[in-house]
Amino acid sequence: MRDRVWIFAGLAFFVAALTCPAWYAVANGKASNKSKPPNLELPANQKECVAPAGTMRAAHMQMLIQWREDVVRHGDRRFVAFNGKVYEKSLTRTCLGCHNKEQFCDRCHAYSGVSDPYCWNCHNDPQTVAGSRTRSTP
Amino acid sequence: MRDRVWIFAGLAFFVAALTCPAWYAVANGKASNKSKPPNLELPANQKECVAPAGTMRAAHMQMLIQWREDVVRHGDRRFVAFNGKVYEKSLTRTCLGCHNKEQFCDRCHAYSGVSDPYCWNCHNDPQTVAGSRTRSTP
Amino acid sequence: MKITRKDFLRISGLSLLAAGCKRAAESVSQPASSVRAASTQPVRWGMVIDLSKCREKDGCNACIHACNAAHNIPQIANHAHEVKWIWTEPDATVFPSAQTDFAPQTVTETKVPLLCNHCANPPCTRVCPTQATWKRDDGIVMMDWHRCIGCRYCVAACPYGSRSFNFEDPRPSIESINPDFPTRTKGVVEKCNFCEERLARGLKPACVDACPQRVFTFGNLADPESEPRQLLRERFAVQREPELGTGPSVFYLV
Amino acid sequence: MKITRKDFLRISGLSLLAAGCKRAAESVSQPASSVRAASTQPVRWGMVIDLSKCREKDGCNACIHACNAAHNIPQIANHAHEVKWIWTEPDATVFPSAQTDFAPQTVTETKVPLLCNHCANPPCTRVCPTQATWKRDDGIVMMDWHRCIGCRYCVAACPYGSRSFNFEDPRPSIESINPDFPTRTKGVVEKCNFCEERLARGLKPACVDACPQRVFTFGNLADPESEPRQLLRERFAVQREPELGTGPSVFYLV
C-alpha cells in the first residue's frame, strides 16, 4: 500500500501525456476554431446535391470511390439520385460543375485535417486549369 | 637345262590362255564381222557434220561433254564449226536433227561394245518419243 | 380454424420449397437472358487506317495533335521519358515484311500512324499483377490509373511499344490542360484508350474526327455491315505482326 | 649487218619484256571491260504475279499444264513422290501474315501459283556439295542434273518447298514426252528453271505465255523501266517469307 503514491503519479503522467495534443490545441486557440464550422461557399446555381447534405458529409468519399469503379471499370456513367434526378458520375463535370474546389472542398478538408487527397494528382480543377491555360497562352 | 621343256610348255599355256577369247571369237565367226564396219545410216539431208568425220569418230564424246558444260553451266549455246558454220550446241536438236539414233549411234555403239551410255536416261530420241506420243494419244 | 402441428409443418415446408424454386428459376433465367442480349449486339471496336490517303498529306500529324490535346499528353524533351498515345514511324520500320526492294520511296518512307492495337488477345493485360489494365467486353484494352503500381510488366509485354511510363510528373510538360480528362501522375503507365470517354458520349475517337484526309475508319468489327468491315472486305489490309497471335483491332490498308 | 652477242641479248630481252607487258595489260584490261559491260546491262530475271487477276479465274491451272508439258513433269499418283515446278496453295497458307480475320473467303481461299523464287540469296545453292545447283549471273537458280548426286541437301534448305526429288524413274509417269527437253532420272532433284531454255531463244517462260489472264509479268528486275519494276512501283507487292532474307525474285500483287 506504500506504493500507492507512485502508482497514481504514474497514471496521472500517462493521462497527461496522452491528452497533451488536445491541451496544446486549446492553448493555441485551434480547438475554438474547430468548434465553429468553416466558411463554405455553396453553389449559387443549384439548391440540391446528388444526395442529402448529411449523406454527402458523411460518405462522399465512399460515393466517389463507387463512381470511380462504375465509370472506369464498368463504363457505367449514369447516376440516379435519391430524388430520381439523373447525373453523370464525374468528379470534374458533376461535383466541380457546381462546387468550387478551393472555396468548398479545400476549406472543409483543411478544417478536417484531411487536406490534399491524391485525387488532385491527376484530376483537374477546371477553374485552376482555366487560369493556367489563360496564362500559358497569352 | 633339263627344265626347258616345262618352261616352254608353261609359256605356251600362258599365251594360249591369254589369247583364248580371240580364238573363241574366230571360232564363232565374230571377229570376221568386226573387221567389216557396221552398216551406219548417214543423214540424207546433210553432207557434212559439225566437225570432220575423223574428229567426230575419235572425239564426239569429248565434244558432247564440252557442249554440256557450255550450255548448262555457261548458257553458251552457239557452236562455230571448223568451216565457219554456226550450230546450236544440242544433242537432241543438232545431232539427232540429222542422225537417226537407232540406225547410226546405237549401231556403232553396239559394234564398239559401248552401248547404252546414260545420256539416254534423260535425253530423248525425238523419233522414239514421237512414236510413244502417237501411241499415248490415240 | 385450428391447424394441427402436422398441417403447420406441411404448409411451412411447401412455402419454403416454393420460395426456393422461385429463386432458382430467377438465377437460371437472368444470366441466360443477359447472354442472349450480348450475343445479339456484340461490340468489338476497331479501326482501319488507309495509308494511301495518309500518304497524300505526309507530315500532317493532325491526329496526333488532337489526341495530345484531348488526353493531356505531356511533351517531354527527354526522349527516354517520352509519353505517346498515337505517333508515327516509317512504313519500312512498321511493316518490314511487307517491303520489297523495288517499292517506291514514297511508300517505304512515309510515316505510318501507330496506336494501341486493342488486341483480341492482349499480352499486356495478362501480365498485370493488379488488373489495372484489362480488356473490356467491347474490345478496348483499358487502364485504371487508380490501380496501376508502375511495375511496367505491361510495357515489357506489349510487342508494339504502345505503352509509356511516367518517369516524371507530366503536368509541367503539358502546355494546356484539358480539365475534362485527368492528367496522369509520376509512376503510372498510360496508353491510347480508343477515346473510350468520347465513345461513351456517342462521339468517334479524337484522331478519327481530326484527320482532314478521313484516313481513319472507326467502327464495330463484330458487325459485318460496319464501315471497317466493309473496307476489310473490299481492300487488302495488314495488321502489325499478326504472327504473334495478338489479334490487333487496328488494320492498315496499304 | 652483223650483230654482236651483246646486241642479240639486248634485243631478245626487250622483246620478251614487251610481250610480257602486252599480256599483263590484256589481263588487266579484259576483266575490267567485262565488268563494265556487266554493270551497264545487268540482268536479274524476276516475276510479278497479279493475284487479283488470278482470282478472277480460280482453278484455271493453264500455267501448270504449260509447264508440265514443256518440262516433262511426271504426274505421280503417290503424293510422297510428287514432282512439281509450278503448283498452287491456298492464299491463307502461302501468306499467313497477310491475312486478317475479316478478309473475304474469295481472297483467303483462292489458289496462289507457287514456283521457285530464284532468290537473290538462295539457301539451296549454298548447301549443294557438288555445285549441281548454283545462281547464274542473271539471277536464275539453275540445276545441272549431270552433277546432282541426289543428297537432297537443297530440298531441306529451300524454305519454299520448291524442289522435288525423283524417288522413281519419271518416264513412265509422263503422258507425252517433249523431246526438246530432257526428262530427269531416278535419284536427282529438280525444280523450276524460269524456262531458261526458252529465255535463251528470246521467249518468255511457258507459264507466262500460257496464262489467259496475263497474271504473270516477267522481266529484268535490274532495269528500273522493266514491266515488273513498273508494277512494283505502282502497286503493293509481297514476297514469300521475306524475313528469311532470301530475297525472292517472285513478287505477288495482292
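Here the chain labels run A, B, C and D in written order, and each chain numbers its own residues starting at 1.
The criterion applied here is as follows: a contact is a pair of C-beta atoms (placed from the backbone, for glycine too) under 8 Å apart; a residue touches a chain by one contact, two chains touch by 3 or more.
Note that this is a predicted model, so its numbers are computed, not measured.
Quick one: remove chain D in your head and tell me the pieces the remaining chains form.
So the groups, chain D excluded, read A, C | B.
Which chain has its C-alpha centre farthest away from the C-alpha centre of chain A?
If we average the C-alpha coordinates per chain, B ends up farthest from chain A.
So the centre of each chain is just the mean of its C-alpha atoms; given that, what is the distance between chain B and chain D in Å?
Going by mean C-alpha positions, chain B sits 35 Å from chain D.
How many angstrom lie between the centres of chain A and chain B, each centre taken as the mean Cα position?
Distance between chain centres: 112 Å.
Measuring from the mean C-alpha position of chain B to the mean C-alpha position of chain C, what distance in angstrom results?
80
Give me the residue numbers in chain D that touch at least two other chains, ranges are fine.
Answer for chain D, listing residues that touch two or more other chains: there are none.
Which parts of chain B, given as residue numbers and ranges, touch two or more other chains?
Where chain B is concerned, no single residue meets two or more other chains.
So how do the chains connect up here, line, ring, star, complete, or something else (other)?
line
For this entry, which pairs of chains touch?
Going through each pair of chains, those in contact are A-C, B-D, C-D.
Quick one: which bits of chain C touch chain A in the complex? Just the residue numbers, please.
Of all residues in chain C, those touching chain A are 136, 138, 142, 144-146, 175-180, 182-185, 196, 200.
Mind pulling up the chain B residues that touch chain D in the complex?
68, 72-73, 75, 77, 92-93, 118, 121-126, 129-130, 132-133, 136-137
Name, in rising order, each residue of chain C that touches chain D in their complex.
That would be residues 96-104, 107, 221, 228-229, 232-233, 236-239, 242-243, 247, 251, 254 of chain C.
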